[in-house]
């Protein structure tokens, strides 16, 4: 039963991911990206990572995609007129993508180490939020502080970049 | 505070004083004169019987790598120290203070001298190498700033070339260092020589199978080749000689004197210190024919090139490259006579080429051009310069009575009996000696042609009123020539100092 | 102690004089002349005294280079009949020439340079005479070369003199190249350079067979270079550019004889190598013939004498080749030194008298203007052409005929060549005599020629005596003990005297009153075109090769080793520049392709 | 029957490839940016999958994987912010978001 759910969400995610890349109109791309993120969140849930799933929705779908849409609106982007198809780039890109996928499949199938199902949790009711919080502040305290500084730097950067020169 | 350290510091102190604003020329002369006095004093207080290094002072710098700043002098290095101090004094006296920032001019000269003295006085191979690098930079500055002709290219060329040469040398040194047994690795030449004598070097020798069936090449051969070619480049061995003539032609006289006279001897002294005692003859003999061919190129090919030169300073540059061929022949002979002859020639060639470049500088000062077609009959207006140049020419072509001849004779005798003396057939060494002997004729041809072209013949009217050589430079060159004559009339004096150092090999 | 230090005093006196002249002589003419003559005088007296002493047996030497058992070069003095003879010979002629040059150089410039050069020459010549080993002889060999370079180049502001001195030194150096090679070969086998050491190992040397022959011929190269034998004779006629006393002392009497002296010193080994002596004889024979032929057509008074010197040296070398004892060539060397020096000095006084005119066709009828010179020249001419019959004759007669007789006996072809050359010698000598002294004055300079001052004529007189008497048996017995080969055909003496008369008669007939040279043979006049042959040889081979290698050095070696790597790095930089395409996707593509490639290599291979 | 680790990795790989293709093929800079986000999220997915499938001795998933995802999300957010600010500044300067026009930094 779980396998069916998994494949539903996985195919949803991949379909909308492909849409992001192929659609012309940026707004529809953005919205299909939102759907991808939601499907991904669902996958997180199937992996019992509820906190990450929620954060995914909150941050990515909530903040990042809103920002994208805002920027698309601000820059008033129309759908692109179909430019001449740059065959060389497409061929190169396609080749790399196919190569990558081929390698991926080859690796996953040859290595037996991955083909095992989810081992049952010893205590399914343990809240993963506490565990994540605990790990975060016990082992990753310094990176946590650095991330704080990083966000500050990012905000300062954004303010500087978008400041209009006063002529 | 061993006198050797004092010997090195004197020029550096002199240089700093010159920068600090003291009258540069006087400070430089004082420092150089003090150096000469000190090294002469060392010579007399030195007991020649004891072999090995004397006046040794050492302070470890990087104990783990076995690098220690050890200074010491035996017969050979003392002779080289004397040579460098004397040539420095001559160079500083001969130098006419240039118009632009003359303080820096003397600083560079003194730094070259300090580098050379440091190299000859140091027992530790690392510092031996480092001091040479120290002397490289001022040469670049001297040629680049105060040179003549297209000095920039010449300066760049010599610096990059020598840096490349010393780079190869460094790899060789490291190869040598790695060859020592792990426990007792040190850069100290005495340690290297002792271990070589006990055969403790290259024990865990790595060997590499060369492609295309060239057979296997062992670590010891690679190190030998690296060291020899590294020193060869520093000393303008045949294919790597093109940096020398241009550099000496466009260098100011004192820089050419110091570099050709002293710094070039670093490479040969290095061979005497790091190759002859370390590598067993059977390793060396494998490459003899190859190196002899380079050598013959040096003597015959460069000799012919010298004949074709039309400018005096270029010709002198090429002639100094050619004389290196003889010294290499002496070194490759690998027997007592050849080595003593080679070291004797080191000193003789140093003095004679210094005198020649000094006079060449004086000539360029007066006539502005050194082209053979412009000059002629200068002995009339400048008899003293003519006479001194005559003496120096005769010295450099190896006229008996000068030290060059004594050195050359011993090199020829050493080389002729080197290798397996097949009584009937001629082996490679003997053929090379025949060619080297013909090189003596070639050197006579180009030197005398130059002398005839410049000093003899009718005097063109524009050179009628040239002033003769001043007293300062005249005394220095006379001093150099007197030294050459003393060593020429009685070479046993020099051999007593050098021979014990070589017996140890 | 005094006895052992005398030879050193003889050796070093001229060097000290030269040094002092170099330092002090510049300012005062009499000082430099005085120093030189004093030194020559001391040497003369001491060498005559030394001549009386018994030969020295113990080696009286100090070590020039001494590496204990490997290589030791002593600087020793040998006193034996051979060296005592040369000591006396050199040290009697030198003072005479020194005094003579007082007059000759009176109003010449570079006075101190001249006397310093002469003293240096005397020092190096005595060095060769007294050397007891090859290397010491080689050292003084080159020092003699350099002193002749200085003296020939005395008038250095004249192009011809400058070229002549350069040529002299270089040709000598080529000879020394062979000489040193010979020494090296001998040293390799015997392990020593000292003559006595080599003589002791002669059986060992003999066992080497052809190796020894090559070594001896190479040593003979030294003589060819120094004594101007055939291939390397071009420098001697040109060396007449130097002042005449120099030509007389160096290029007639002593220096050029050094080559023959060396062969005499090396004679014991030569005895053992017949092939080498054959080569020596043939070189000597051909040289004397060719030189004599060339002499017949020269116009410059000094060049005639120069070619005659080459011819006489050819005789001496021939003598070495054919004789069984070293005394026979040395005897001719001894007599030749006197009369050739006399002839040169007479030529010098003629030149001074004629205000530096050297062409004989501008002279004439000088016999009444310069009587003393005329008489001395007659003595010299008679000695040179070997005038004399039966027991009595001039010095040249005894010594030259001795060599001819030995040559006829041991090498008949060469013998008869020598006989013909004797006739030629008489011809060109008397041609010189008649043209210069008899006939009418051919130029106004000849009209007002004046006799040279006493200081020049007295030396001529002094030299005329030995020119006449040196060969007489009772005088010659003091120095030598030579004897004719036992059964020599009387015919030779007769033919020789006949040829002498023929030569003189022919010269008398042709040149008695000739205004210009009746016979002209361009081949001889242009010296068999050897000079221009050598010039061409040098120009094409040496200069051609030199310019080729000069070009090669700039464009091949320099290009290959220096320019090539620098160009290579520049080209690489240029090519890699094109990777910066500027568009992000290209970079992304390269990035992706790189990753996929890497993964492929890591995993899939 | 639940999905195996191989499936999750396959899906994450495919998502990553789509993102990469997007970056390489599309010429609008915003879409490239979106492709970038997808690639990041693909990485998150595989991280969470690994942390879930490799249980620690205690039997619970190894949460350091999830903490890392947490960090990636934060960094991605910062990156999007700065990226879009740049795009806005670029647009104001060049009036285009078309990648091929922005190629002044070239040889």
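By written order: A, B, C and D. Residues from 1 in each chain.
Everything below uses one rule, namely that contacts are C-beta pairs under 8 Å (C-beta built on N, C-alpha and C of every residue); 3 or more make two chains touch, one makes a residue touch a chain.
Since this is a predicted model, take the numbers as computed values, not measurements.
S.K.: Give the identifier of the chain nearest to the protein's overall CA centre, each chain being represented by its own CA mean.
M.R.: Nearest to the common C-alpha centre lies chain B.
S.K.: What's the farthest chain from chain C if centres are computed as the mean of the Cα atoms?
M.R.: Following the centroid criterion, the farthest chain would be A.
S.K.: Need the CA-centroid distance for the pair chain A / chain D, whole Å please.
M.R.: Their C-alpha centroids are separated by 5 Å.
S.K.: Measuring from the mean C-alpha position of chain C to the mean C-alpha position of chain D, what distance in angstrom results?
M.R.: About 97 Å separates the centre of chain C from that of chain D.
S.K.: Could you work out how far the Cα centre of chain A sits from that of chain B, in whole Å?
M.R.: A distance of 71 Å separates the two centres.
S.K.: Report the inter-chain centroid distance for chain B and chain D in whole angstrom, where each centroid is the mean of the CA atoms.
M.R.: 66
S.K.: Give the residues of chain C touching no fewer than two other chains, as numbers and ranges.
M.R.: Residues 585, 589, 592 of chain C touch two or more partner chains.
S.K.: I need the residues of chain B touching at least two other chains; which ones are they?
M.R.: Within chain B, no residue contacts more than one other chain.
S.K.: Give me the residue numbers in chain A that touch at least two other chains, ranges are fine.
M.R.: Answer for chain A, listing residues that touch two or more other chains: 89, 92-93, 96-97, 100.
S.K.: Pairs of chains that touch, anyone?
M.R.: Here the touching chain pairs work out to A-C, A-D, B-C, C-D.
S.K.: In their shared complex, at which residues does chain A touch chain C?
M.R.: Residues of chain A touching chain C: 89, 92-93, 96-97, 99-100, 103, 106-107.
S.K.: Would you tell me which residues of chain D are touching chain A in their complex?
M.R.: Against chain A, the touching part of chain D is residues 1-11, 13-22, 24-28, 30-31, 33-35, 37-38, 41, 44-45, 48-49, 51-53, 55, 58-61, 63-64, 66-67, 69-71, 73-82, 84-89, 91-92, 97-98.
S.K.: Considering only the defined contacts, which chain D positions touch chain C in the complex?
M.R.: It is residues 20, 23-25, 27, 32, 99-100, 102-107 of chain D that touch chain C.
S.K.: Enumerate the contact residues on chain B facing chain C in the complex.
M.R.: Listed in rising order, the residues are 157, 161, 239-243, 301-302, 304-309, 335-337, 340, 377, 379-380, 394, 399-401, 405-406, 409-410, 412-414, 416-417, 421, 423-424, 433-434, 437-438, 440-441, 444-445, 448-449, 452, 455-459, 490-492, 495, 499.
S.K.: Across the complex, what residues on chain C touch chain A?
M.R.: 585, 589, 592-593, 595-596, 599-600, 603-604
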